[in-house]
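In the part that follows, the structures are each spelled out as structure tokens.
Shared between the two complexes below is chain A, which pairs with chain B and chain C, respectively.
This part shows the complex of A and B:
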């Protein structure tokens, strides 16, 4: 066998293996998305129907309360709650992350390493382990079943991560850039916004996306801390489709689709930053 | 019109004092180089002038203003950093114009001044590139351009050439000198490279461990070092320094070799004094291979350990009283290791330092 042929075969095999792996990874997601567009009957059919016979928007009409058979699930409220909670907690986590990350990257202060280690250790505690204490605390404070309650939880979940990621970015930017800007006439604050912030933008965007996705997708804590349409988020709302004896897979899938889409769109929009952010290649040169 | 004046300036990080009361007066348009080994406090001093480092004690004046409490932006200085510190997300034009923009100049003024600076530094073709697309030398020029567009009272340079390769460094060194001739301004330039200091400076400030060791013109510092430190730091190869004792009016080395005490130093040494004898390689040359007509000389026989041909001269490594000494042979001929030669030693160029204080006996 010639060398060229061998290489060619190897490349093809590699490509094929990757393709298979991708299929395995995407099947559940695809299945959910497809199921959102097919009737419950077809979803539950045995043997399974792999290729849908016809796609329908009925499930969406149903959960939004149009059409003949309505499902009394306040999807719009859940969507709004999710959006408010995820956006607010992300913004706060980013602001704290920028302030903290900048401080860790630029300033010397006492117990700096201890602080940093503490933050990272906090990340290792599984959120669910805190759910009972948080529940009790929140009910004493009267913020059970409020958006505020969840926002506080998500901010504290995300802050260690945003600080860590953003710190890494500011660390890469030489301190002399800010100094040069100050000599050039900037205040420290102007130097930050005109020089350091634009250079760390990729990292900040990446941190923002991760914080947003964490809050947007989180289920375990939200299911404990929320009750009503005032504060339930989309993932928690999914459980509304399980009645005592039946599960409305079609409605659930349609709603899952609604959860997935904004996350995907967001990821696509900041894709460029995300890649730069994750490969840490932001500010070379 | 602005000179710079430091009065008893100190800097401490917490309890650790790293600059110990520096006095320095820099005249308007003077080019002053702070030179010294790494860690001696050059950058710290420069950064105190720039306002990037708080001044622990003393007074810094730029022009007739005390600037101790002023932030960098109010000191009307500009600075070139070792890593250039160009703004990576802006093209050359915006890098140059950034300071003017912050100062609120109109677009027309900015364009004119940027064009002027670009012209002086040969950057006109590069205005639309970003720093990542420039070579080291070009980045260096942009950094200098950014310094000159604002017409500041003083330029501060912190080791601006140390990231360049040797050839480019020599070239940029010349450009900095030319730039200073074109744009007459007060310059404070920091380097650990004594060649840079010698070639660029109107006046050299030699620093050591947070103190100023000597201030003087390059000639002064080279010909009249106040201490063994300056003697070995300035000049290449470093001055030969050999311990000796003053005995019977001679400089006697540990192996018994004795040289006459140079006439001009006779009254400055006392019998029995422990000293260090200093002589540059240029001033010990095999007879017939020297450069200058020395007025006061003595002869000494030395063995060649190693000879390095440098082109128009040869550097000879030899030993005197167990110490390595380097000598020069101008208009060289071939030498073999082990060969013994008679050298002419120019006593009028020799130095004597006190062995205890390591200060020149001429000082005080």
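This part shows the complex of A and C:
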């Protein structure tokens, strides 16, 4: 076999493998999204309808309560709860995480690695295991089924990982920059806000997005700590569909679409910084 | 005196900066865990609140360790994690090597690969419940339309197939964590040692085994650590896809906790189980984190 042909074959094999990979990754999601725009009748049809005859927004109108036939699931409320809970807990976790990450990146102190590991070990407690005592304590405190109750839990869920990421981003900025500013008369506080914070800003935003998505996507704790429209989030709301006798696949797909879209957009915006933060914080001790 | 104060301040600052984080973890995780430990020593039932005051020692744990249902869920969880993590690592490595060799559209591919990572586990579960549905799922429809089978394969009804489907969903969701971090490792790799090895006559397997692999191992451990922080999210997938069924054959430790605690209201027993699962998670994370630190030291990156 000639060398050129061999190279040609190899390139084709690479191309084919990549193509296959992308199909496996993207088809499941795309199928759900497509189903969100099809009538339930078509999804249930036997023999299956492969090419949709026409796409419709009816499912979205239905779950949001417009139009004649409605679904008894208050998606709009869930959406609002998710947004409020995820945003608030992210902001608080970012503030706490910035302080903590800065401490790990810029100071030497005793048992530094142990502290870091300890924080991570708190994060590793399974959501469902943590939900048991939190459920009991929150009911005693009267904050079960409130947004506040969930926000507190999500802050603690996000703090360790936010620290990991932000620590990585601050490390990428040479410490000499802020020292130079301090020599020139800035206080450490000013040096932080004027020099280090602007440089780490995109990284901190990436950490924020990660925290937001963790809260946005969380299910194990939310499913036990929420009961009503006061605090139920979208992932918990999705399960409302399966509780009914027949599954409304189209409605569920439409709701899935609503959960996916913000996640995809945010991921797309920050992916570069996110990878940088994960690897830098991890590799350079 | 001033100098003394200043050094003292320098020592206190990191503690001060860390204190909000520590306080949060203390109140929202550590205290509940202590409460959980106490509850696991009582016969507490949600329906009989006074039972929380009865102290029964380790009886919950004893009952747990003699319960075959617990052991089968425990064994299944370990098996599940072992298969999932190994397959995810190997697939992730393969994907990273593949994309590393591709010359066009690398960034786009990397972005697409990131998406499963950002999916809500509950969505991944729903998505595959939909796909694997024996009646209307795209998979069975495709198999039947292509004439591969004329029967509806009971993906989520048969115990073995259901376990396979759940593993598939889990692997679909988490492989990208490995792929992305290993790819970052490949990108960061210096070219010189590779070329030197080729000049010295190493074949591509030797180069991979002795140069590439050791270099990207720390990245694999980062991925493992990140994954082990969140192993229990398989709970979400299982609760949507099968709810532990058929007949408890896909029950993992985490779904068993939820069933015992909330459905059967046996909180004491559930807390004992939760403790076992917490220790399991901590052991996983601790193991991979120490590996990560060791790999880092090996790379000379440590302080």
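By our rule, the second predicted complex is superposed on the first by the 258 of 285 C-alpha atoms of A that agree within 3 Å, B and C clash if a C-alpha of one lies under 4 Å from a C-alpha of the other, contacts with A are read in each partner's own complex, and residues count from 1 in each chain.
Just so it is clear, a contact is a pair of C-beta atoms (placed from the backbone, for glycine too) under 8 Å apart; a residue touches a chain by one contact, two chains touch by 3 or more.
These numbers were taken from a predicted model, which means no experiment stands behind them.
**Student:** Looking at A:75 after the superposition, I want to know if it touches chain B, chain C, both of them or none. Which is it: first, second, both, neither?
**Tutor:** Neither partner.
**Student:** Using the superposition on chain A described above, determine whether A:109 touches chain B (first), chain C (second), both, or neither.
**Tutor:** second
**Student:** Could you look at A:120 and tell me whether it touches chain B, chain C, both or neither (first, second, both, neither)?
**Tutor:** In the superposed model, A:120 contacts chain C only, not chain B.
**Student:** Comparing chain C with chain B, which touches more residues belonging to chain A?
**Tutor:** Greater contact footprint in residues on chain A: C.
**Student:** According to the stated criteria, A:163 is in contact with first (chain B), second (chain C), both, or neither; which is it?
**Tutor:** Only chain C; A:163 stays clear of chain B.
**Student:** Looking at the overlay, does A:184 come into contact with chain B only (first), chain C only (second), both, or neither?
**Tutor:** After superposition on chain A, A:184 lies in contact with chain B alone.
**Student:** Using the touch definition from the top, say if A:86 reaches chain B (first), chain C (second), both or neither.
**Tutor:** After superposition on chain A, A:86 lies in contact with neither partner.
**Student:** Pick one for A:150: touches chain B only (first), chain C only (second), both, or neither.
**Tutor:** The answer is neither, since A:150 touches no partner chain.
**Student:** Residues on chain A in contact with chain B in one complex and with chain C in the other?
**Tutor:** 283-285
**Student:** Can you name the residues of chain C that touch chain A in the complex?
**Tutor:** It comes out as residues 10-11, 13-15, 17-18, 20-21, 24-25, 27-33, 35-36, 39, 95, 98-99, 101-102, 109-123, 126-128, 130-131, 136, 138, 141, 145, 172, 176, 180-181, 184-185, 188, 218-219, 221-222, 225-226, 228-233, 235-236, 239-240, 254-255, 257-258, 261-262, 267, 270-271, 274-275, 277-278, 281-282, 284-286, 289, 292-293, 296-297, 299, 301-303.
**Student:** Quick one: in the complex, what on chain A touches chain C?
**Tutor:** Residues 14, 17-18, 21-22, 24-26, 28-29, 31-32, 35, 43-44, 46-48, 50, 95-97, 99-100, 102-104, 107-109, 113, 115, 117, 119-130, 132-134, 136-137, 152-153, 155-156, 159-161, 163, 213, 216-220, 223-224, 235, 238-239, 242, 249, 252-253, 256, 259-260, 263-264, 266-268, 271, 274-275, 278-279, 282-285 of chain A touch chain C in their complex.
**Student:** Touching chain A in the complex: which residues of chain B?
**Tutor:** So the residues of chain B in touch with chain A come to 50-52, 71-73, 77-79, 81-83, 85-89, 98-99, 102-103, 130-132, 146, 150.
**Student:** Okay, in this complex, where on chain A does chain B touch?
**Tutor:** 174, 176-177, 179-187, 190, 195, 198-199, 283-285
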